[in-house]
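The following block contains the structure, expressed as structure tokens.
Letters A, B, C and D mark the chains as written, and numbering starts fresh at 1 in each.
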Amino acid sequence: MEHHVKDPNLVKQGRQRIEWAEIEMPVLRSIRERLTRERPLAGLRIAACLHVTTETAALMRTLVAGGAQLRLCASNPLSTQDDVAAALVEEQTAVFAVKGEDRNTYYRHINQALDIKPHLTMDDGADLVSTIHSTRQELLKEVIAGTEETTTGVIRLRAMARDGALKYPMVAVNDAKTKHLFDNRYGTGQSTIDGLLRATNLLLAGKTLVICGYGSCGRGLASRARGMGAQVIVTEVSPLHALEAVMEGYQVLPMLEAAR
Amino acid sequence: MEHHVKDPNLVKQGRQRIEWAEIEMPVLRSIRERLTRERPLAGLRIAACLHVTTETAALMRTLVAGGAQLRLCASNPLSTQDDVAAALVEEQTAVFAVKGEDRNTYYRHINQALDIKPHLTMDDGADLVSTIHSTRQELLKEVIAGTEETTTGVIRLRAMARDGALKYPMVAVNDAKTKHLFDNRYGTGQSTIDGLLRATNLLLAGKTLVICGYGSCGRGLASRARGMGAQVIVTEVSPLHALEAVMEGYQVLPMLEAAR
Amino acid sequence: MEHHVKDPNLVKQGRQRIEWAEIEMPVLRSIRERLTRERPLAGLRIAACLHVTTETAALMRTLVAGGAQLRLCASNPLSTQDDVAAALVEEQTAVFAVKGEDRNTYYRHINQALDIKPHLTMDDGADLVSTIHSTRQELLKEVIAGTEETTTGVIRLRAMARDGALKYPMVAVNDAKTKHLFDNRYGTGQSTIDGLLRATNLLLAGKTLVICGYGSCGRGLASRARGMGAQVIVTEVSPLHALEAVMEGYQVLPMLEAAR
Amino acid sequence: MEHHVKDPNLVKQGRQRIEWAEIEMPVLRSIRERLTRERPLAGLRIAACLHVTTETAALMRTLVAGGAQLRLCASNPLSTQDDVAAALVEEQTAVFAVKGEDRNTYYRHINQALDIKPHLTMDDGADLVSTIHSTRQELLKEVIAGTEETTTGVIRLRAMARDGALKYPMVAVNDAKTKHLFDNRYGTGQSTIDGLLRATNLLLAGKTLVICGYGSCGRGLASRARGMGAQVIVTEVSPLHALEAVMEGYQVLPMLEAAR
């Protein structure tokens, strides 16, 4: 099976980490049991462009268990976990992703993923769908549908749809309440704190944090930052969201004043 | 039994309210059981000058159960609950307290309480102890000891003790951890919120509250105010307490800036 | 002007309390300025059945300032503030409301409010709209539209609309984001705490509170109860809302277990 | 200058990280200015056994600026930052520490640090002081005093002092309010969350965390864990601390029930 990962020796570590992640994914595990029995994806080819992490890996294994043929490339060259990439190759997912890959490699990997001639595409930032529509239009005739993960990708696709430019139907995963109410609020909330701690090694208690925007991500982060003892200032263009931030006890300021 | 309360017809209501309060006082209830059996206070005369409320009433009933002879006056003319006063009279506590009593009545009641010739005094603001030391010194020879409830009273008594002016030993109830860690922090914290709501009828969410001082009371109130959605600013003269407030995520400002 | 209030002597106190409330209603105040200039409601007759409180009074004064002719009755016999009722009568709002009025008086007042032959109705619980549709159908021909404040009222009206029984258009005020995101969450959240404190005189810190339902009101209350130091258990039938409650760190239990 | 670090090439990275840390240490910086002027430590030899991290490095640089001659070894073989160790050697601190060093190396390094024949010892776990008292007693005659950082070390030293076994005076740094009120509560609180995130990669929101002990560290962690959306259960042997945990709204359980 064609693929491109950094180091096949990382398989064992990757597999252990995927299995650890799956412990916390009971819903996906029960879906996998059903897919394993029913094999509804048999004969389907899927190209996926997602963060190549343990969580995505659990999803890939589930699709393979359902009978799908899979190619996976990275939606972000920096988030790829090389051990997970290696482990997936062992489990019939053709991965094209190396952490820190340069721009050319990144786009070559996208095209290699598309070489599967997908029936379905899975995007996190609309890279597959836009590559197909721009330079790989020959693939359009076989594509049945696609999924898109993020707010940004969905906005891009909605614009395409409005212009009549979108040639196949897309499922906006981000619109699912279980996505934006949880992933954005709690997931991004915690991840951003985590990232801040790893990057700065600072004590958050007593610090002032300015959060730009009080949407799902912003309010998740605001809540976590306060929970870590920081004093939170919110900036926001929507009057309604600004008012909510005030009512939660945050200081709300124009960005210029907040930055002072 | 000599006494002075507003309206003896309030007995039933007062008793019901005392019993409601006692439900939440399991420790006092178990002490009462022991005192009832052992009667260690038999023959002791006690003068108490405390808030005449349901909670004090539960304490008075306990002392009576232990065999004490009791007179109770109010440590604050505004907090007296006339129904509770009436109910106590029915249960062998000689109460001298009427809600809203004027200054003269207030001091007459203190003296009437002292007319019991106490072995023990119970103060919440040092009124009994200071009256005894100034105008009722003939009582000193029978007093064994006293208790004092508040920070302010304790400060006053410590000054007297330093000057050699304090003629009998006092227990500083306020120094008990179960007093200042709980009553001051949680009790005063909630009561102040309660008072604010009743007095102003304002929505606290989104309001800015300035709290002067971050001692036990101040931090209790800060925590409750934030819990009600207010944005909290703390002013504080102690650098250590100010730092703690900062670390809890509060804005700390000089009072002049806070008041702006 | 025909009216029925408890005591005309309460005018001054009522007016002071209305003015205090208006300090916190800057949006309504700026709307009133515009209505005073433009008088867009001149010639319109309005019947309102709302809580007769300071906040409603501020709204009534605003409508009068816009030129409307007004009759107001109570949507709840227990929430009527008699001083506010008296003050409103002085300012050209015909009030029919006495705190604690019995069932017959309550319905007589509704009918007296409707005697104005309204062009517009304002409901908080659908009493005017349902009375018009059942026993006062002669009024229907002049009614242009109405507003309804609460979730319950809106549900009732939606059912009527579905059956084709609703004879004039209604604005569901509750659907406004500034209503259910704020009034329900922050308003009801605080009011319920306030009510609990006044009714029980309990210290909330350390208590366990079971909150049935994690909608706008429920999550507002949960947040405030936790903010007062209570341990919060949520019960909820919607899996999505239940999951949100879990993610906020509340214990979520079936009602039977929660009640234990 | 004798020393033992992993890789001298890490100097530049180490120095950058120390400087980053110093930005957040304004008090230490102002002390350093004074020490640089006054050189009160000139002629003093100091042996330090501390976590070899950026924060300790800032302290070492300050002591060197004050004129001290310094040897530093690691109080924990796992926390050593090799780049910081390398950078310190360039700045006249003789470091003996390699991340992950084995038991023998660890103790050899302690002895090499003591070879400076210290006037002062700085401990974080009492390793220098106990080595001096057991196998290096010849050093005792020159030692003036020492400092000890942690609760555990202080407990050990107090036991020695009680038995008359402690041969030189120690400063219990942990007793400083700015240590245990801040480092333990906010520092350990955040660090434990940080460690949990790095080790487990789990979403804390909605998880149940059992915290054993509600002292300074435990209450810091409890507050942070709740701030991250976890449901917190506390176990505690002290009734007073247990009561405080209850009043903060945590569930308090015996450890056996908590572990279920």
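Following the convention adopted for this analysis, a contact is a pair of C-beta atoms (placed from the backbone, for glycine too) under 8 Å apart; a residue touches a chain by one contact, two chains touch by 3 or more.
Since we're looking at a predicted model, the values are computed, not measured.
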| item | value |
| --- | --- |
| Label of the chain whose CA centroid is most distant from the centroid of subunit C | D |
| Interface with more contacting C-beta pairs, comparing A-C to A-D | A-D |
| Rounded Å distance between subunit A and subunit D, as computed from the means of their C-alpha atoms | 39 |
| Centre-of-Cα separation between subunit B and subunit A, whole angstrom | 59 |
| Between subunit A and subunit C, centroid-to-centroid distance (C-alpha), Å | 44 |
| Residue numbers of subunit A (touch at least two other chains) | 186, 205-206, 226, 229, 243, 247 |
| Contact set on subunit D toward subunit B in their complex | 177-178, 181-182, 185-186, 240, 243-244, 247 |
| Subunit B residues touching subunit A - in the complex, by the definition given at the top | 205-206, 226, 229-232, 243, 246-251 |
| Subunit D residues touching subunit A - in the complex, by the definition given at the top | 20-21, 24, 54, 186-187, 189-190, 193-194, 197-198, 201-206, 223-224, 226-229 |
